[in-house]
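First up is the structure itself, then whatever we jot down about it.
Naming follows writing order (A, B, C, D, E and F), and every chain is counted from residue 1.
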């Protein structure tokens, strides 16, 4: 199968990290295409940027030339998954929801390590909407911004471990979810340091995409995620109307 | 004060209806500016369109020349309010949340009349995220699409009344919320027919905007809705980069 | 319009404070009448006193000579609002519910500063019944009793600020609600000290009363808050039967 | 031990019914005192009456000459229990909470049969505050008012059975709670007709009062239900100030 | 009446402790039979052991020669109660649920002191399933294993008091539940030390069993707890097939 | 990898059905071992049988000679998963939880078709404990017992389709979960008849087991699911002590 993995921000180096972990997680026979929108924020650290990225992702989807079987939305806690579910035939997996779901297979409760403190309520809301909040012990922030994660890998892994430790020791989490596409690749170090399973949402989403595909299952179209009704959408797709989109 | 009322879709006739009820609801001394995005869907009946409109609204906000004190987001159940809260200094009022809140001042439980059945879960999710779902008796659909509401006013009012009646008689709602900006103006007829208070979200939002303004209160900037961090956003604002935006 | 603001306790100086903030919050054209019951506790710091005050308020309502358009119940977390909704035609606004609702327009979560620790569960229960608890970060007590609030204003404002600070820093509240009619007037100092919106319930309730009135909306009478059925009530109204009521 | 059973309304014939079932349920060695307030509504069918009765009950408690070990509050869904808990040393049992608790020992879910439809949300709120709502399948009304229950016993039992049948067949309740002190004595007939356990709240409360007493347990005084702080309460106790109290 | 009290583990000394408190709690006229399974774990400190004990208890029930009117399941948070409800005619009382219920009659919230930290989520889940979690302030562990409780009574009572103190001071519990059949008999000391009611689940369950019996109430058989359908069960009852069962 | 799929009942023909769907769902390279306990009930249709099967499954695990990487517990809503998680190193997947989780990837809400009505609350409780109940539209029963499912395949598929149709049309489910291991293989027919995705729990669990394995993730051992503490367990493993186990 072919999975399209969508980095919601425009930072190519993050797309590369996301691609790397997606490929490392994929089964033989699964091809990973990773990309990012043609416009929009370089990182997403709030609602404003999140809503921009949601539209940018939906716009990018209109420009994908090759068929794909599933889409992984690689923004942790970022909006947009439901919109993609309407326009696509194949399943759409959100990395926050998949991380939580996988964690729930592995422990009584899970904790999420995220970037900035302001992201905490946003992630909680996404988990609440998805009906996955009950077994969330806590969401805690490292204090590092999304793009800062890539600056000093040693600082980053230390901060992630320290935050994860608080989730385990203070909030009694039994599993850790890495709450940012940019934390991809850290799960082994964090797991080794703390002795708990660590779930990367991109990896989990890739596996769940494969699972759906192998069972021949995709998004229900009977109600919430039926295709959009035919209508006029001004300047759509945006990228074909932008003078300067990449 | 000046309130900007944002129709999330591009249909000018709907902006006019929304403007009319906003003006009818406003206090003397409150000036209403009503507008719509420069691009995007002509109506919003699903998540895809909703996410597009959220970005289109945020984009439109960058092009407003006049200062305004508050923003009313006039899409019932549509996303975007949190993004506007980050970029603006003044309060942002969402008509679904304001309708629910006002209804909760008037009865033990409220019911929402919306357009299409597919909108029901979307509205429920918005109310759940906002922490306002507990007293929602039910959300029911007339089956009429957003733009169809304007086609035959008699058909529309009949459908709204019939749906509201079921909310009262079967779901025990004590207050009705009109769940679509396009139902503006129907509250008196529905209320007269059914003998219950009927809340229009645009009207409620205008009053709540005035309330915040008169008390000198606005969005908290300490965490969730702090202004976005400085960063690169490609092709932003979109409308200045679009060849053909209105 | 005319709003009756009811101090649930018999302490006239508190009625005066409540009147002051109600008047400061009211729109031009809104007349504020503030009063208190003719009997009952001088302050309310528990359920026993709360239930007494509920009846005392309902009794006082029978003795109001002038028509009024709305009632503000100015006891934070105190019972009685539903009883008033049954006997009155105009809307009844409870200051705890209005504070929470207004706060929910301004931030992702809100915290409540109250008087004594024993009031904390009572306020939580009122918010839970009202369906407003989900976005309550926490309720914390200053440790000062209701009447003690007026003793040393400097001590009071310090205690309120310290408690609010804990709500923000430890419980992540983004908005503060002043949880006692006796804290009226402190919102500016607290807001200035902590940099977050501070909502006074009396002010919020006055604005919401104006909002309902301006939209021609009042309590639904179809079920929960229909007028009481005709029946014998011994010694009612109490004040006309009391030898020594004020 | 001696249990005081308090009919919250002033109707002596209802006190008699309540006394009868309390006595029938009591253990040998348990003495039942049953009484009602000295003023207040003859029946309670709404919040207004409920709040009056809460104060009337608290007032009546001040006039009880004999010591008693526990208090049963015999209004189903009526307020006041927490106030009594503050002023008394012995435990206070609320018949709605005790009915629900006993039912939860006997089946996966329970249904409540009450009097008027307007009582339904009030009972739900009481169960929600008490943390007992999760296993409540439903609350349904016979449509008979509190005092009407005594008019035609055959009509009453038929109505109760019919309503209970709907709770079982449509709402899947496995146990029935009789939701009004005035339904006392019907449990055998209803149980025989429908083949499910039927719990009378007065009976359950009497047994729970005995249980607490026998284990030497009473209300915690450390926080919520500590005795009221010393203060001035005008015209209190009311009955000693009323010209015409019974 | 005769109550069978079932220690879920095979340790006779614990059965003795449980018997002692059951007898001390029982009314005159109530005979206590206490026993334990014929096989299974000597203590239960996790799910594995819990599931074994559930089957061992159900097996033991098939070998009880004497009739009994009610069963008390004396494992705090341990599974099995619903299985016994299906096979027995008389009521089945679970000590965790009964402790919580009794505590809820005595205070706004309750805290549970248990043995090992790993038991905490298990107890929370049991309370959640039972619909009793809302008023649980917290569950905390002493760190002492089930059989360690009996090693050094002084160490045990100190640990229980220290843990209970944290429940009261940090989690604001108003009532303490002793969360292990092996803590039987400590309630007086803990209560004396901390000034709050302390509920022993065995004692509460005995009283609730008496309550049900005296009211002629037992498990509903209409749905969840109907007797098992006739079917083949290999090697059942196990004890009659075991070579070496006690 | 090798997955052990455990039929919780002793009926070999059901093991065969379960094996068939497990094998049809498995990836190349995944070997399926399917088995059932050595004793216990031939079908599970209630709590009594469920608890017996939980112990029988745990017992059977002690007799598995070959290593395996993951365990699928193939009883829908049946207990035991947490016990297996304690004793095994590899992940343990419960078919009810996996069905719900997979369904939540595909639609806003899901409905469960189960066997007997008495199973409905049991399944709801399992989903509630697992934190997966929020998006469950409903659980409905065909009325066919577990072993009856195999009697007349045409009757069975008709009943399942009819029940699923009610879930979709009345309860607004967007995805159907087949709520019994014995319904294995029906998903295509039901899906074709109703036009919605249909999830078989065995298939979902096999895929999730593969997903965990491929990511190197297994059960957290830090708290809830740590291995059992060393202790004496009488007659354990049961099967080695039974005279007549298969």
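Structure notes:
Here is the rule we go by: contacts are C-beta pairs under 8 Å (C-beta built on N, C-alpha and C of every residue); 3 or more make two chains touch, one makes a residue touch a chain.
These figures come from a predicted structure and were not determined experimentally.
Of all residue numbers used where subunit C meets subunit D, over half belong to both copies. The two sides are thus made of the same residues.
With centres defined by CA atoms alone, the chain at the far end from subunit E is B.
Between the interfaces B-C and E-F, more contacting C-beta pairs are found at E-F. Of all chains, C has its CA centroid at the greatest distance from the CA centroid of subunit F. Look at where the CA atoms of subunit A average out and do the same for subunit B: the two points lie 29 Å apart. Our note on geometry: subunit C versus subunit F, Cα centroid distance of 53 Å, whole angstroms.
Look at where the CA atoms of subunit B average out and do the same for subunit D: the two points lie 44 Å apart. In subunit C, 108, 121, 172, 223-225 are the positions where the chain touches two or more neighbouring chains simultaneously.
On subunit E, the positions that touch subunit F within their shared complex are 10, 38-43, 45-52, 54-56, 58, 79-80, 82-87, 117-118, 121-122, 125, 128-129, 145, 147, 223-226, 228-229, 231-236, 238, 241-246.
Considering their complex, residues 25, 27, 91, 93, 97-98, 101-102, 104-108, 130-135, 168, 172, 174-175, 195-197, 199, 203-204, 207-208, 210-212, 214-215, 217-225 of subunit B touch subunit C.
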